[in-house]
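Questions regarding the structure given below will be posed in turn.
Chain naming follows the written order as A, B and C, and within any one chain the residues start at number 1.
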Amino acid sequence: MHVLSSEQFGDEELNTFFDQADEFRGQLSENFLRRRLASKHIGSKLCNLFYEPSTRTRLSFGFAADNLGVRVQGTENAREFSSAAKGETLEDTIRVINEYGVDIIVLRHHETGAAAHAASVSEAAIINAGDGHGEHPTQAILDAYTIQRSQGRLDNLHIVMGGDLKHGRTARSLAKLLSRYQHNRMTFVTVPELQMSDDIKVHLDENGIEHRDTSDMYDAFKDADVVYWTRLQKERLDKPEAVPSSGFVIDATALEVLPSSTTIMHPLPRVEEIDPSIDTDSRAQYFQQAGNGLYIRMALIDKILRS
Amino acid sequence: MHVLSSEQFGDEELNTFFDQADEFRGQLSENFLRRRLASKHIGSKLCNLFYEPSTRTRLSFGFAADNLGVRVQGTENAREFSSAAKGETLEDTIRVINEYGVDIIVLRHHETGAAAHAASVSEAAIINAGDGHGEHPTQAILDAYTIQRSQGRLDNLHIVMGGDLKHGRTARSLAKLLSRYQHNRMTFVTVPELQMSDDIKVHLDENGIEHRDTSDMYDAFKDADVVYWTRLQKERLDKPEAVPSSGFVIDATALEVLPSSTTIMHPLPRVEEIDPSIDTDSRAQYFQQAGNGLYIRMALIDKILRS
Amino acid sequence: MHVLSSEQFGDEELNTFFDQADEFRGQLSENFLRRRLASKHIGSKLCNLFYEPSTRTRLSFGFAADNLGVRVQGTENAREFSSAAKGETLEDTIRVINEYGVDIIVLRHHETGAAAHAASVSEAAIINAGDGHGEHPTQAILDAYTIQRSQGRLDNLHIVMGGDLKHGRTARSLAKLLSRYQHNRMTFVTVPELQMSDDIKVHLDENGIEHRDTSDMYDAFKDADVVYWTRLQKERLDKPEAVPSSGFVIDATALEVLPSSTTIMHPLPRVEEIDPSIDTDSRAQYFQQAGNGLYIRMALIDKILRS
């Protein structure tokens, strides 16, 4: 089973991942079970093949594998170092790594579609860990898992997304994923130049998902169930003065507007768009969100090795 | 036992490696045996000390060690990163790593003779994973192993080598290794500027190995048992127009000339000298060849840890 | 328990580390015990988070963890590669890695005080592996351990330190650590520009530790119990001709002056300040010193995981 897109999993399958992730979470918190888990998949092997650096994703897959007894080898920056520099195709590299008997190749690549190319020649399961402007399915799944854990559901939600929605892969993927569930409603908070692109909007329309654009952050926050925030790079804007006075920064003022049950998320790293002073607020879930990736990745690795 | 050169092993010893490699291959394909193997050498340690990047060699040693329960630490590019930059000698670095109680140091270095320097101060076994223009013994052994597996013998063969034979370390090493066996015959397909160098030719003459140079690839292929192909870098040639119309590229036309039992090999990465359209032909063995490295490296690591 | 400074440990605690280090040393030398040790802390995880390269320190922590069954993931050069490049604070990175359920984060950072910042937000134990001009506590502890092992005591010693004492972190830390013990006496061999700085000298005075500066290396060596040597970078000096004819190089001539029971130490890498011809002399303990780091790091990791 290759993991190329979050779209490939049905609702039932996602729920199974969520349940498995919860189960692993519980087992890791018990010393005895944690030790037992660490020999579950002994003899299995995972290769972290990163053509561009992404330290946190690489570490997260590495520790997820470690937790299950899977051995990990890899490269931090294959693009610069490996035979790719000598002109080898990705397909040839994948074929060679297959010959080393690995079970899973976690691939991070700078070109859109690289994961599908890799999968076409690979017996080992390819897990797409981000390919150019393409997919990063484990991020989308862990985002959904975070919402499920904090809101108890993936439907009937008002989701407010903000920042650079045009280029942000994570917001795009999550919007698509949440469009499967009934009665969700989305508000996109940004400036006109960085709006969610039309392909996503058409997709939302086709799925009957209500959505609107605004630059009024506070207004959107008033009844938000989920806030999914990303960085808005002002240096990319022609008219930076078009950014409202809020600067799209979540701080103590924003917290006053947000309901007490809102989940505040961010794919991280954050820079200035979330003020560290709100980190201790129980609505701030971005660090837990990153941690949820560990359990989701364990669930995926486990499923692949059992199939 | 240091592994510095393929020359250090007698025919008997090579056969023992080949048998052990076959045995490990079988064990890895059985889930139960694979798990048991993964704790065989628990407590042993291997250090991948790479002064220049060579991702596939490093991964191959890493997974070979993992398969046997050996723990691996290492560096992808010690030349740039480590205390070498501060002027430390290789000998000092090796002494320090010995103090960390490692059993095996896999050394890749940019200077010819580095492996011997390292071995002179090391209690841990040094495995030479390529030192400058010097040796890369596990590559030579896995090449021989690939021929043994596909042709059933290492003697009485017509071996056709092509590409840049002057600079190619792998073709040189394999020619020397095969000169030990009786009734082998070699044809070197290249342009005059990139011919196999005289030291190797003298060595072949001394061992009674018939050899000739040609630029007629198709003629050489007619009765080839083994084709060992490497990249010919046209940009290095004074007169690129001296390259024949075949361009020394193995493609469908070349397959028509080659006997049905030929083994086509390449140390990889390949660029244009083998057309991907022939990858599915059963004669194309270059990916299996890379994979054979895993089993050969396991056999070597195992022998070192048992001695 | 965070490990931020060698100062945080009392004499009793240091002795416990030394005893534990000795015990691990013995266990690693017995094949059976070594295997058992390698599953002692299965299920535990260590992250080598290196913002600047330090290959030997990273490998030493890695193998120390391996010896105890702790799984290791990490990064060789996070400063260049990770989300730090995108402007993420160290604190955020540490929080995310905490979410991956690691038990220990070994942090190497270019900024003084980074380890304390990391510890302030970390549930996982932070081990400071060097932060800018700040501390490198495991180096100071292994230096003390080396003296204890070779001299049998940490008091009543004449310690001669030489080289660049102004910038050298290790000499400064060791001087402070040894000032706790009675009747130690220190001689600093260097040129005026590179003398031990006043804060350390004041500290020694307050602790009643006799100390003096000299540029006469041979005179200082006459009754030295411990020689702690570091590199003096002549290119940093305004008047390189002020360096005495000895050049502050320990060679055969220096050995003639040194008592037969002296311990010669160096934090390594060395360049020219210790002549390799003396490496085989039993007083030369710099490689063993590096190796002692393995056992000290094992003792620290073990203590953290048991607490």
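The definition used in the following text is that contacts are C-beta pairs under 8 Å (C-beta built on N, C-alpha and C of every residue); 3 or more make two chains touch, one makes a residue touch a chain.
As the structure is a computational prediction, the values presented were derived from the model and not from experiment.
Student: With touch defined as above, tell me whether subunit B and subunit C contact each other through largely the same residue numbers, more than half shared, or through different ones.
Tutor: The interface of subunit B with subunit C is built from mostly unshared positions.
Student: If I superpose the C-alpha trace of subunit A onto subunit C, what rotation angle comes out, expressed in steps of 5 degrees from 0 to 180?
Tutor: To bring subunit A onto subunit C, one rotates by 120 degrees.
Student: Return the distance between the CA-based centres of subunit B and subunit C, expressed in whole Å.
Tutor: Comparing mean C-alpha positions, subunit C is 40 Å from subunit B.
Student: Quick one: which residues in subunit A touch 2 or more of the other chains?
Tutor: 76
Student: Which residues of subunit A touch subunit B in their complex?
Tutor: 42-43, 45, 47, 71, 73-76, 78, 80-83, 86-89, 91-93, 95-102
Student: Show me the residue ranges of subunit C that touch subunit B in the complex, using the header's touch definition.
Tutor: For subunit C paired with subunit B, touching residues are 28, 31, 34-35, 37-39, 53, 55-56, 58-60, 62-63, 66-67, 72, 76-77, 268-271, 276, 287-288, 290-291, 294.
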